[in-house]
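We just call them A, B, C, D and E in the order they show up, numbering each chain from 1.
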């Protein structure tokens, strides 16, 4: 917690700074693409979100493993606090992708391998969050969700492999992404946004872990108080 | 059953603490139960008797402290489980199986063989013989609870953990329970009973779980933070 | 609550028979319970106490015989229901609602208005005041049962039907229950208690349900089962 | 404060406290819908052709899964005994519970359906009739489902038995609901189908509460 | 008599006594499949095209609905506590229960699937691969499902949450199962798909019992 407290202002500051610099570059000053025109700017929101969604999933699974194996409470807390952020990035990737798809492909959605696995990952995130919330006893929710995260992490590569196979056999129309080589001017905003998202994640993580700790504290204090009353009553 | 006696040694726990739903139910609790002994758990509603029994069964890991058999700390929970029988509020009676089938399933599972004699003896002990072919779903509250108690007798185990075993029992069944416990202790078995009323044992140590409940709100320091999150 | 008293008259049943799962549980049973009276149901496990209480509540229609209020046979079951409170083995406690919310829901449903004073009085009577904001899911077995009993006091009704109300209660709560019953009877209310142990009433008539069980062997047969399926 | 509003308020309060329940119904709807492209392949023209039907079928299945929520918990914890003993007409009591079910299940399904329609490439003309048909059809689904949910109380595995009882009863709603979408996407007016759905709803609201009350009464017997 | 066979025998005996349970799963499979012609219309060529996929999706949903049977009843009546306390490896205990589930759910689904395939006009070449794929795929469905079923023990409304957890995990089985049928009906060999399904089954049988045991242990805690 002390380390987290130390990092927090830096992470928050960097997140604000990177967004402040990155967003204008990405959305205004970067050059339009010769094929995709102005809509290429969605890329700067879309691609980092996709990367973050996936990275956070693995962070969550590692945290869960540490929590289950060593019963390390902080690791469990980090995993739990990561999930909504990861789900949010995945949702952002999906939304940007869909909004981009309309001008590029003429439809909001195609059953392309990458899109599809992102969608499934989003569902796995939702399952993790829902399971964690479903128990009367918050500790049980944490443990159950941790087991699910590990089962899920074994499945993610299997799902990717399956969806790819499915996709290559079905040869979905001529809608595949145009892999234009990224020019230098595109890489800069991309990296800026990547960094901004990363710092945003760290910042939110610290806030969420803190509030979880506070909630546990309040819960415990209230319970202990009630337990005290109960004991006093039993004696009196 | 018959004449065999147990040699499991003393079951003890030291410095036990248990946290449920984020609060400490009890802390610093210790007990020691010799072969042939009885331990009676007392305490107001919510003081943690059921919690302690589940902890003794190895279902809940203690937040602090440890259990031991003859001073050997418990490490293999399966080995511990094989030494005990646990009768909880839940009767684990299958509505679709008859009384006899319910019992012989557990007998086969625990002893590894089909032992009809043991099943019959267990039914006799709790006055269930005439209900042998009755399906579980037709039993009244007390009959169902008697069936759960009869499970204690289908395959021997040295340690009995009983949570309010007298609930819903009529006069005759209370007597049967007392007799079964006395017989079990006579053969070197030990028993832990959580009960508000009669404890069904002639002599035995009483443990008031309520006295181990933390009395006041815990003081929170920054260092305590991480621990409390668990 | 406060000072109001009841004028519901005598609750009686005559020649009652009840068939469950294809077999006659009891037959030819009669009782009479005057205002302010108490009836204690006794009988071995499976003799039909729970069945009789549900029949008295109007949940099970009698196979023969009928119930009456002041000799007026019961015809409108809703009208009858409004006159009674039933506490069964099942506590009807909502895990997601707090103790106070659980009580005030029933208070609103029965009395048609929000009556915080009654809810508070009910919690006080069963030592639940300090648990008022506690969610139902965190209660222990005994605390949950106390909450079910507190429901008796949130809105007045002349007839209380209690099925083993002492289950899982600690010393203090048993006293509270006895006091609540005495107070209720003092105001002209009547009570039926099924219990194997203490009946929580100073005086009252005892009805041994077991004596009304048909004498034929209690053997379960396939025929009986088929009937029950019908 | 009458029985209806007291009970409706409590059920809604419980649903909000346990909001995961409503969310999981929606999640089931979403996932079951998404399964179809994996099963039948991603070709847009095939998906477009079956989108209305698939959405209706999965919405019905999702609603079906949530039906046991209406009574099962109350039955198991003894609340239903107490509700039968309120001394008020039981049909009003059950109508309050059905209304709560519709508000916490039917309405959320309605809200997410356009999103799922996008992934199945539903033609644009189909959106309005889809929403209207769901708006008129889901109350019937809750009402008819409640009868089934009450009938299976106390049976061992209510869930699957329940599907067996109510799915056949849902077929008329399914037919007219899917046809309303198809009508619109093929250029016809969907009004006749929508009127029939409205008729079903009126019929259901007059009959189902009585049937449900009778079923509940025998369940607590 | 070891733990595995004792428990398997008991679970099968219970399933036979309560044979309605298995029948209702099969009935759900049948009804959900039959709903599709009502939803998408009766045209043979459309149905033929989607038949393999629809059968797989509805089989998965039917299996899904039966999953809570593996542990829920035992959990609620206290049997699961006792099973954890047998003193035998918990993974063997759960494997016995999973095997019983597969025998009483997967196998009946397998048996009726050809019948339902007829109603959806599945091309003749698709029958053998459909059966083989179901034979290889349903064990994975039971194994993976058991993990989910154990995880949701003690949650308020397990059923829908369970679908949210396991349906995404079923997608690989669905993909290869449906593609095996499609391969055969379009003249390709279904062998690669069937081999992958067999691989999934092997992987599941080695990993899932452990995960399930861990989940059960924390459920009784």
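What we mean here is this: a residue touches a chain if its C-beta (ideal position, glycine included) is under 8 Å from a C-beta of that chain, and two chains touch if they have at least 3 such contacts.
The shown structure was predicted, so the numbers you read here are calculated from the model rather than taken from an experiment.
A.B. asks: What is the graph distance from chain B to chain D, where chains are linked when they touch?
C.D. replies: 2
A.B. asks: On the document's contact criterion, could you list the chains that touch chain A and likewise touch chain E?
C.D. replies: Touching chain A as well as chain E, we find B, D.
A.B. asks: Which is the least count of steps on a path of touching chains running from chain A to chain D?
C.D. replies: 1
A.B. asks: Given that chain B and chain C are copies of one sequence and touch, is their interface built from the same residue numbers on both sides (over half shared) or different ones?
C.D. replies: Comparing the two copies, chain B and chain C contact each other through largely the same residue numbers, since over half are shared.
A.B. asks: Let me check something: if the centre of a chain is the mean of its CA atoms, which chain is farthest from chain A?
C.D. replies: Most remote chain from chain A, centroid-wise, comes out as C.
A.B. asks: Ranked by contacting C-beta pairs, which pair of chains comes out on top?
C.D. replies: Chain pair with the maximum contact count: D-E.
A.B. asks: Which whole number of Å gives the spacing of the CA centres of chain C and chain E?
C.D. replies: 45
A.B. asks: Per the centroid of Cα atoms for each chain, what is the distance between chain A and chain C, given in Å?
C.D. replies: Roughly 54 Å, centre to centre.
A.B. asks: With chain centres defined as C-alpha means, what is the inter-centre distance between chain B and chain C in Å?
C.D. replies: For chain B versus chain C, the centre distance works out to 30 Å.
A.B. asks: Find every residue in chain D that makes contact with two or more other chains and list them.
C.D. replies: If we look for residues of chain D contacting two or more partner chains, we find 18, 20, 24, 27, 31, 38, 41, 156.
A.B. asks: Give me the residues of chain C that touch two or more other chains.
C.D. replies: As it turns out, chain C has residues touching two or more other chains at 89, 95-96, 138, 170, 172.
A.B. asks: Where does chain A touch two or more other chains at once, residue-wise?
C.D. replies: If we look for residues of chain A contacting two or more partner chains, we find 120, 123, 126-127, 130, 134, 136, 166, 223, 230, 233-234.
A.B. asks: Can you work out from the touch definition every pair of chains that touches here?
C.D. replies: A-B, A-C, A-D, A-E, B-C, B-E, C-D, D-E
A.B. asks: Which bits of chain C are touching chain A when the two form their complex?
C.D. replies: Those in contact with chain A are residues 95, 127, 130-131, 133-135, 137-138, 170, 172.
A.B. asks: Per the contact definition, I'd like the list of chain C residues that touch chain D in the complex.
C.D. replies: Spelled out, the residues of chain C in touch with chain D are 57-61, 78-84, 86, 88-94, 96-97, 101, 105-106, 108-110, 112-114.
A.B. asks: Help me check something: in the complex, which residues belonging to chain E touch chain A?
C.D. replies: 147, 151-152, 154-156, 161, 164-165, 167-169, 171-172, 175-176, 179, 196, 200, 207, 211, 214-215, 218-219, 221
A.B. asks: Quick one: in the complex, what on chain D touches chain A?
C.D. replies: Touch residues, chain D against chain A: 20, 23-24, 27, 30-31, 34, 37-38, 41-44, 118-119, 121.
A.B. asks: Tell me, which parts of chain A touch chain B in their complex?
C.D. replies: Contact set of chain A toward chain B: 1, 71, 73-74, 76-77, 136-139, 212-213, 216-217, 219-221, 223-225, 227-228, 230-234.
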